[in-house]
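Next, two complexes with chain A in common: one pairs it with chain B, the other with chain C.
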Partner chain A sequence: MGKDKKAKGIWVFIEQFEHAALDISWELLGKSRELADKAGEKLIALVMGDNVEHIAQEAVHRGADEVFLVEDELLEHYKCENYTYAAYKVIKKNKPNQLIMGATPNGRDIAGRLAVKLKTGLTADVVSLDTTKDGIMLGQVPGFGGSVLAVIKCEVARPQMATVRPGIFEAIPIDKKRKGKIHKIDADLDKKYETTKLIKLQKVEGVDISKAKRLVAGGRGLGGDVSALKELAELLDADIGVTRPLCDDGLFPRDHQVGSTGVTVKPEITINFGISGAAHYTAGINKSNTIISINNDPNAIIFEYSDYEVIGDVNKIMPLLIEKLKAKLMKEVKQ
Partner chain B sequence: MKGLNIVVCVKVVPKNSEIRIDPETNGVDRRGVDSIINPPDKNAVEAAVRLKELYGGKVTLLSMAPPGLDDFFHQMMAMGADEFVLLSDRAFALADSYPTVHTLAAGIRKIGKVDLVLAGVESADGGTGNVPPGLGEALEFTQATYAEEIDYNSEEKRFIIHRMNGSGHEVISIPSPSVVSIELGVNSPRFPDFRRKLDLDENYKMTVWSNKDLELPEDKRGLSGSFTTVEEFVEAKKRERKHERIEGTPEEIADKLADLILENMN
Partner chain C sequence: MSENYPKLDLNIFVTIKQVPKAMKTGADGLMDRSGKSMMNPHCTHALEEALSLRDRVGGQITVVSMGPPNAQKSLNEALRKGADRAYLLSDRKLAGSDTWATAEALATLIKFILKENNETLDVLYGGLQTVDGDTAQVPAQIASRLKMSQVTYVESVKVLDDKHLEVRRIIEGGYQRLKVPYPTTLSVTETANVPRGPSLTASMSAVDKEVIIYNIDQIGLPEKYAGLAGSPTVVSRVKNVVIDRGPVQLFNEGDTAKLVSDMLTAVNTKEENN
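Right, the complex of A and B next:
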């Protein structure tokens, strides 16, 4: 589309997996409703997949004015060539002003490819999004490990594209009274051009710590023993977050990783055990209401991000803490 | 050529923990900041060298960068790569992802018939992750991003990729040539061969292409080809924190902590 100035509408790409929309899609739609109202634009959902009409309907119930629904067998699973081709066709014809997608692996995969095909700018991995009244998108991007935020815009080309972090914005609850038009589009896909073969697909029943109310978090200071962390989580009915090295070492699956390349959390309370406080990590916990940190190094940067600071050895303090908590929780039950 | 002709896109980035905002210019202050090899790019080089060991062929490293980074480039070569191509020209400077993609793509085309382009998953400074899928489009190759494992089926001439797609774990196969970005930390990058590094420092003359060689038009390179602009930089907002220190014997500390946690639980 390049320098097309007739572009209109704020579009949200609704990512789905096995016929269910990802939460990020509704988060984006929720935020974009607000942006569309501010810029006086229509809010349009782009739904692609096979047998996903129910998702198009839900998009209307969650704030979209219109939906472009592209259904095809070849869109059953995400394959970059099919998805890019189908999306490009709809976008080229309907000329959105803004196009917002989730900063998920597949969202970023298609966004990066589409932006080059459309000859436009892409602001990736946005943590905060705004628009001017004239429809210029303003995306805030963490740079340099999260210590700095750059406000980025793309004035000269359309659509203005951004991918947005999961867990940052709130979805609008379903309202079945909302009305909106669903346009069904034929993707005109041909199996002959399909280059990716799916060999195996395994759904991973992951955890979503982005919605944790309480988080106990562990780092390398735990020395590789995560049993106390797990016990605490159970005791407090909290989720477990960890720093990246613990995932790299295979101690926890990736969905427990907090930080700039992990999950952004916003719990009532976060307790950090043996975490140094690299910008990559603290970028993910900044929104916690209360932060408690335990580290044996008085100069650890994590203390700059903490409400309550304990200089001490996690190996000593965690077992004692578990003991005290058990005692206090028992007492509460008995009262 | 027998075996795989692999190009790995690599980049040197500032060490992020040292970046600060210059309060006077409101720009990013890079003065005195150390540089490092973009961490996932080491994983990409490792993946390339392993493929070469298994299937034969050649590994060429490619970077669009200013001069003066040979030390880093030789380090990466000493992990087992064969050649280095540097794309360097004032005309390439200040590029966002769109012109970066087109400049790298022009370099790859000039290198010749390649079977595989590898990249890191994202760069630690800009962190866009836009370049690998953009390269897929610009070169009209299939792509797979966020790869955790890559293997090659030489009979079918296809790459087998394991990747997390955000909701599940998938195994896909894609044809040669393709672009694949390698996730950070999915293999252990080998140490550079010390003697090879010394030898490169003394004797290696890398290929350097400027825009005379690539002949990119203004709208596909550097600042003039960029679509995005940085409106301003802001220091990431640190929330005000109480900074209360909890002291005492371990026993006392644990007791106070327990109370604090329970108070903040509702």
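Right, the complex of A and C next:
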């Protein structure tokens, strides 16, 4: 798709799972409302699924000017071929200027596929998003392990596409007085062309540390014993974040991994235990309000990203911290 | 060959990228690739899936990469682990490729190899993402370019019959188990397997194998689709990440008990102020 003066509107792909929109969808819609106003564009939500009209309605209540609603029983579960086919058709016909999706498994799956079919540019894994007044998308992506930010543009091809990391932007609260037009689109899918079949869907209750209010985080400095970290998390009513090596070693599932290949967090307070501060990691904690770091190496890079720097041995400090917090709790109970 | 797997003799391809071991910026503001390098960790898992599939049903594994001449190092490592053939697309005109141009180049290379050898492709494996780019887009973009089906975020692969695989893929909220016909492209997560090391037999036979290197003219990739010229996205500027935290408050005085109580006082004051 070459430069197309007719390309109009900022579109947001509303990803849903089991008839409920993912949080990332509303985060993207919230941010894109601001961008659409800046560029003088309409904000358009693309909702796909089966029996998801309530999501289209919610998209209007959360800021969309219009919704393209594509419903079909073949869209009940995400499958690359069906979703790409249906999305391609509606995009080709309606020519968005920008198309924004979540950097989730399904968002990334469809984004790459669509970008090639549409012969357009895709800025992947965006952590900060802006637009010029004449509608050129400016996506910032962390480069080189998070030590730099590159601002990426797609000057000619349309739509300008981006996938955005979850947990970065804020959703707009529901306002039921908001009005918007919902266009119902026929997906034009036929079961006989479907090659991939869903055998089974397994649901897993994971944790979402991107919304943590307090975070205790551990790295290699813990020496492989994470029991004190878990106990501190409980005492402080905090969520647990870890660096990538701890997930690689199987000490925690991936949804606890903080950083540019994990989750971006923005808690009130983050306490780092035994984390040296690789750019991959610090890229994920930068938005914390207050950062306290404990490390026995006075030259650890993590201190550059911290408000409080505690130079000491985590294996001595953590047990004592646990003891003090327990004593404090006991005192509160007695009072 | 174990259990009752059919002998399928699959034609398996794996895309591989060589990445710097330490991510740092050079004086020119671009990634410093002069230091030690390694096979991208996710690619090692993709290669392991390919080797494991060949162990079960037989076939041939071809590894392909794009990069500077020293990327041969990672391809040789793949040969020592048991890959049968290795190809490197290396050309200065590929510099500055975004994900679209990277996929275009690798898809053109794969098509060229298939045509030269009068073959068809059964399974293309790629790593979920690279540690220097993190985009996780290239496998899907190659698949789209080759008009093949794709499953990304794959954690396990079973052989169902002579026409289908069963794959388990990670999604937000759980897993999908999908029945997928050949040919297909699978992007593999780090949790899929534990990659094997080089084997003695594979290393011995790797001695006779050479990485075949092509430039873009040799595979028929037009210059206008290569590198910066073929990339729809451009880097408009690069900025260093600015650390905008105020001066740090340092606790390094006294014994552990004093450190802990100073720290707790600081946390409590901070939380009360917020």
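Rule of thumb we're sticking to: the second predicted complex is superposed on the first by the 326 of 335 C-alpha atoms of A that agree within 3 Å, B and C clash if a C-alpha of one lies under 4 Å from a C-alpha of the other, contacts with A are read in each partner's own complex, and residues count from 1 in each chain.
The criterion applied here is as follows: contacts are C-beta pairs under 8 Å (C-beta built on N, C-alpha and C of every residue); 3 or more make two chains touch, one makes a residue touch a chain.
Nothing here was measured: the structure is a model prediction, and the numbers come from that model.
Partners chain B and chain C, brought together by superposition on chain A, clash. Applying the stated contact rule after C-alpha superposition, one finds that A:Phe273 touches neither chain B nor chain C.
By the touch criterion stated above, A:Pro142 is placed in contact with chain B and with chain C alike. Using the contact criterion defined above for the overlaid structures, shared-chain residue A:Phe13 touches neither chain B nor chain C, since it reaches no partner. Touch criterion not met for A:Phe68: it reaches neither chain B nor chain C.
In the superposition on chain A, contact is made by A:Lys203 with both chain B and chain C.
Of the two partner chains placed by the overlay, neither chain B nor chain C lies in contact with A:Tyr85.
Of the two partner chains placed by superposition, A:Phe169 touches none, neither chain B nor chain C.
Judged by the document's definition of touching, chain A residues 15, 17-18, 22, 77-81, 104-106, 108-109, 111-113, 115-117, 119-125, 138, 141-157, 195-204, 206, 248, 254, 260-261, 268-269, 271, 279-280, 283, 286, 289-292, 294, 303-313, 316-317, 320-321, 324-325 lie at the interface with chain B and also at the interface with chain C. Interface of chain A with chain C (complex): residues 15, 17-18, 22, 77-81, 103-106, 108-109, 111-113, 115-117, 119-125, 138, 141-157, 163, 195-204, 206, 248, 254, 260-261, 268-269, 271, 279-280, 283, 286, 289-292, 294, 298, 303-313, 316-317, 320-321, 324-325.
Contact residues on chain A toward chain B in their complex (touch as defined above): 15, 17-18, 22, 77-81, 84, 104-117, 119-125, 138, 140-157, 195-204, 206, 214, 236, 244, 247-248, 254, 260-261, 268-269, 271, 278-280, 283, 286-287, 289-292, 294, 303-313, 316-317, 320-321, 323-325, 328-329, 332.
Within the complex formed with chain A, the residues of chain B that make contact are 14, 16-17, 19-21, 28, 96-98, 101, 122, 124-134, 136-138, 142-146, 158, 160, 163-175, 184-185, 226-239, 241-246, 250-251, 253-255, 257-262, 264-266.
Contacts from chain C toward chain A in the complex involve residues 23-25, 29, 31, 98-100, 103, 129, 131-132, 134-141, 143-145, 149-153, 166, 169-181, 190-191, 231-241, 243, 245-246, 248-252, 256-257, 259-261, 263-264, 266-267, 270-271, 274.
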